[in-house]
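The structures come next, written out as structure tokens.
Look at the two complexes coming up: chain A is in both, with chain B in one and chain C in the other.
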Partner chain A sequence: MPDPCTIDVRILEHPVEVVTIEPFPPRAGAECVFLGRTRGDVHPRHGTLARLSYHAYVPLARRTLDELAEHAAEKFQCQVVRIHHAVGEVPVGAASVLVQVVCGHRAKAFEACRFLIDRLKATAPIWKQELWTDGTTWSEGTPVLPEGDAS
Partner chain B sequence: MKCNVLLFAQLAESVGTDRITLDLPDGSTVADALEHLSKEHPPIAELRHVLAAAINERYCNAATALNDGDTLALIPPVSGG
Partner chain C sequence: MPDPCTIDVRILEHPVEVVTIEPFPPRAGAECVFLGRTRGDVHPRHGTLARLSYHAYVPLARRTLDELAEHAAEKFQCQVVRIHHAVGEVPVGAASVLVQVVCGHRAKAFEACRFLIDRLKATAPIWKQELWTDGTTWSEGTPVLPEGDAS
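Let's look at the complex of A and B:
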């Protein structure tokens, strides 16, 4: 019988941080953590990047992340799946997304973590706006095509 | 029937609003709604080929039928993470 999985999905109105897992599941031996941070950049016309501003369709983002977490928990036999994503402003160096998974062994933990961040970036209705010292731009993004092209 | 349309990010900015009320014939689909919206709002026509759609907070496809009172969200390319 598989070990139970604790799932923790949140959309937070501030940058995210790693959360210590206590008590750590006694039958797990691997924890994999991914933090996505705002990377410093310079725009040819708008100057230096000050921060990113994340916008979300929160109810659908929650549902999408919940479904991803449940899918990963089953696919990779996870014992913990945590996905936290920020909305609002995230300064350079601060983290906008946390993916944290606990599995029995490292191979599944790495795979689950990679799967979750890749699918999140392709399917969660979240948008990144770049706030430069002189202007704003929207990140180009990836079209979501979960059930066929809506056009 | 009337549907509420939600717009986000660069799409909302280009159209100049984040919500539109749409009056459509009964039996209309998401594709019909996009056809109608594309005629009224050039930015929707421009981005139409990369838009996803959700009805009442669930992703759907172009053939999905709309019902009176539904909320149709048009999802431009996403960039979370």
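Let's look at the complex of A and C:
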């Protein structure tokens, strides 16, 4: 009988941060965390990136992340799965996404964390707009663009 | 010309924690963190684990971790590599080791973090003693046991 998993999925209206897991599950020994942060890219025509702006259809994004967390929890025998994602503006250096996983041992913790961020990027209905010093673009490769918003 | 890497290696006389990287390197977008925590194992003869006790020959452990951090920084083009390792007692749930890596993108951040913890476990001259409710053992698979200390 595997230990139960605590799942904590949130869509937040501000940048995200690592949150200490307390109390830590006593039968777990490994914690793996991923933070995706706004990188200060330079665009050939639009200048330097000031911030990203994330847009989501929250009920669907929430459900997608919940299902993803439950899937990973079972697949990798996780004891904690946390996914926090920001909507709204995230300046350079701040984090838009946190994936935090606790497992018995490190191999599964790394695998689960990587699986979650890869799947999240591929499937979550969250769109990214790039706000440069001189212009705005929508990120390529987003699953869908909200109608009328594509640049 | 790759960005320079900030390396932060410490052997600490208390459990370790994630430390926010500030300022975050502006050209980095991915942060991967691993925390190894004391797991509340149960021994068939010695009862439940109360805490682990880590012992190191500090100058050599320090040098080993420094070299490992420099190697990973170059191999994976890291912008930050942090390795903090505790010596002394680490109770169940607390962390004995922190590996924190910042890279441009997530693939390299995950690879570097996993590489560092795997190599650290295999090569660092740090020994682990298990303090059970009823007895003490030395962990198997440690590189060397300090003379006269093996149980």
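Going forward, the second predicted complex is superposed on the first by the 141 of 151 C-alpha atoms of A that agree within 3 Å, B and C clash if a C-alpha of one lies under 4 Å from a C-alpha of the other, contacts with A are read in each partner's own complex, and residues count from 1 in each chain.
The working rule: a residue touches a chain if its C-beta (ideal position, glycine included) is under 8 Å from a C-beta of that chain, and two chains touch if they have at least 3 such contacts.
Computed from a predicted model, the values in this text were never measured in an experiment.
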Mind working out whether A:P4 is in touch with chain B, chain C, both or neither, as first, second, both or neither? neither
Touching partner for A:E17 - first (chain B), second (chain C), both, neither: second
Kindly classify A:P44 by the partners it touches after superposition: chain B alone (first), chain C alone (second), both, or neither? neither
Does chain B (first) or chain C (second) touch A:P26, or do both, or does neither? second
Is A:I117 touching anything from chain B or chain C once the two structures are fitted on A? First, second, both or neither. both
Look at A:G36 in the shared chain and tell me whether it touches chain B only, chain C only, both, or neither; answer first, second, both or neither. both
Quick check on the superposed pair: does A:I126 touch chain B, chain C, both, or neither? Answer first, second, both or neither. first
Chain B and chain C footprints on chain A meet at residues 36, 117
The residues of chain B that touch chain A in their complex are 6, 8-10, 13, 30-31, 34, 48-54, 57-63, 73-81
Chain A residues within the chain B interface of the complex: 36, 54-57, 59-61, 63-64, 85, 96-97, 117, 120-129, 138-151
Residues of chain C touching chain A in their complex? 17-18, 20, 23-24, 26-40, 92-95, 104, 106, 109-110, 113-114, 117
